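Read through the structure below, which is laid out as structure tokens, and then see the notes.
Per-chain numbering from 1; labels A, B, C and D assigned in written order.
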């Protein structure tokens, strides 16, 4: 996993997800060599870079041009060989022109979460997966609900991570914001 | 419990402990009407004010004059009737002149944790308690160890609190730093 | 706060809430001497006993007769002087006949959460509070939503507690289930 | 990552580590193709199987013959092609005969934690890593201390994971025991 501090960052673009969260998203996504991946809401590109190191091809959509710029910078720095197509614009529109894929990763969905997951469900390969990273309470339940409706047998884990920081006085534990990861699978 | 934002604060003095932590410290301390309390390391005075609202008398020691000033400001603002004696200086020296007390609360101990707890054990009333708030890993084990040596049957809880913040997008959960509370009792 | 192990328990009735959770509920409820309290879903009576030690009068409703029996046993054991009226039946019906109160505490609501909070809002004294303890994800959002509709400025905290258990090998940290506490106030 | 329920288990042998913990250990270990790994304390074999899927060769030591049997069963079931050598006995003795390795993973150390890490430090390739999974408070500090003495620049993260369980009433969050992961690197 890439250390947090290796990513280029700008204050206006959220992310990258902390290393531990990226690690758990990669695990729950079950991403593997040869996979085609759609990422919605790439932000700083933290997950984009990790996905591009493991999959054959990643499509990353964001409506914020600055997010795409930052993601591009991070890809060039951290995985220049990765097969990544960056798409500026609305996720639902971008999805019109995509080939089938094995995995949808949602980092941000601008209020279209349900529509994005429903549309992806149509486009996903059988056995394909959906993974949502949620910092909002509302996103947790909405993701569960739509995946239940689609009979994707969603699971949710919530993760609190604290990191030790060495100080003169001793090892201080610093809490990160809790994140939930919701994942489901399109049945074979 | 007093809301965090009601306390006067300066950047140079640590604290106050978050409301949820103060709440749990009050519970584990079993502080009650009529108690005499010694607090070591008052910082901003978060626990000092809470203790002074529940006990008959609080002695608060800090080696930092600015901490005492801030604590005094908070006492005047939030509990002007409280019986609190603020003591500037080294805790071990200050303890020389104290009457017996029912409760020792340690918020900071400047490296003298074991000596302070051992000395307090001598001065505590039978059935009296010691409560340590620990943000450092090292303080957790050192507190457990010295209370075990004194047969105080220490217990430890670690608490992660996340607070919801309402944003335009939804309810974002924000993690606070985890805190451990170690408490023990002087047997009757 | 009363230690968990002091409560009488039967396997069929949920609760009591862990000591740390009861402690935080008491804090967020701001319950004080003289208060009249309505508790919906008393379960084992963990919060009932704590409330009855701090308030003037507690009405506790549960639709499960066994829960009321267990709560009664715990009240007799742990606070025989408490002014508590136990009410068997549906919360919404029971609320018909109550005098105004200062605090509503919801431990379980059998699917009528919104109606109970809305009705309580009518009956609450100005400045009165609602506190919900939620182990379900859904309850968290539903509580926030209805309190927002009522302009109660709800807040939510989620709490993870781990307790140390002394073993031959060392101090093992054991995680409890995370609990959320949602609270709001009826404006003056 | 392998789902928890896919592992064969017996009550007498601890483990497997939960999926999320295995995932984070794999990340922090930076294990990669071609690596030679020493695992001390394999228990049920949860990490053994994961390591054997990623590394060239894994040596797993445990002093409990039953742990080795269970680990063997899990290897046959979940990664029969893995190159794993199971060693019954004391870790320090077993380490006498090993070739250099890239990674030490400590799941259990029977009180010889410091000696094992110090010895491994001698045997590790430059740039090699040590990762300790700690459920005990004491193990956290002891691991940090010995890695600091060896100038391995240790880091520690503590992880609380809660998993959603779908019930008739809704999604109940269930807390797992918090685990700390301590890792360090042998400088080049």
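Definition applied: contacts are C-beta pairs under 8 Å (C-beta built on N, C-alpha and C of every residue); 3 or more make two chains touch, one makes a residue touch a chain.
Computed from a prediction, not measured in an experiment: that's the story for all the values here.
S.K.: Return the chain whose centre of C-alpha atoms lies at maximal distance from the corresponding centre of chain D.
M.R.: Of all chains, C has its centre farthest from that of chain D.
S.K.: Taking all residue numbers used at the chain B/chain C interface, answer same if over half belong to both copies and different if under half do.
M.R.: Chain B and chain C contact each other through largely matching residue numbers.
S.K.: How many angstrom lie between the centres of chain B and chain D, each centre taken as the mean Cα position?
M.R.: 38
S.K.: Roughly how far is chain A from chain D, going centre to centre by Cα mean, in whole Å?
M.R.: 27
S.K.: Using mean CA coordinates as chain centres, what's the chain C-chain D distance in Å?
M.R.: 42
S.K.: Would you give the residues of chain B that are in contact with at least 2 other chains, written as numbers and ranges?
M.R.: 137-138, 141, 144, 156, 158, 160, 162, 164, 171, 173, 178
S.K.: Taking the touch rule as given, give the residues of chain A at its contact with chain C in the complex, in rising order.
M.R.: On the chain A side, the touching residues are 137-138, 140-141, 144, 156, 158, 160, 178.
S.K.: Per the contact definition, I'd like the list of chain C residues that touch chain B in the complex.
M.R.: Per the stated touch rule, the residues are 1, 19-20, 23-24, 26-27, 30, 141, 144, 155-164, 171, 173.
S.K.: Where on chain C is chain D touching in the complex?
M.R.: Counting only chain C, the residues touching chain D are 135-139, 160, 162, 164, 167, 169-178.
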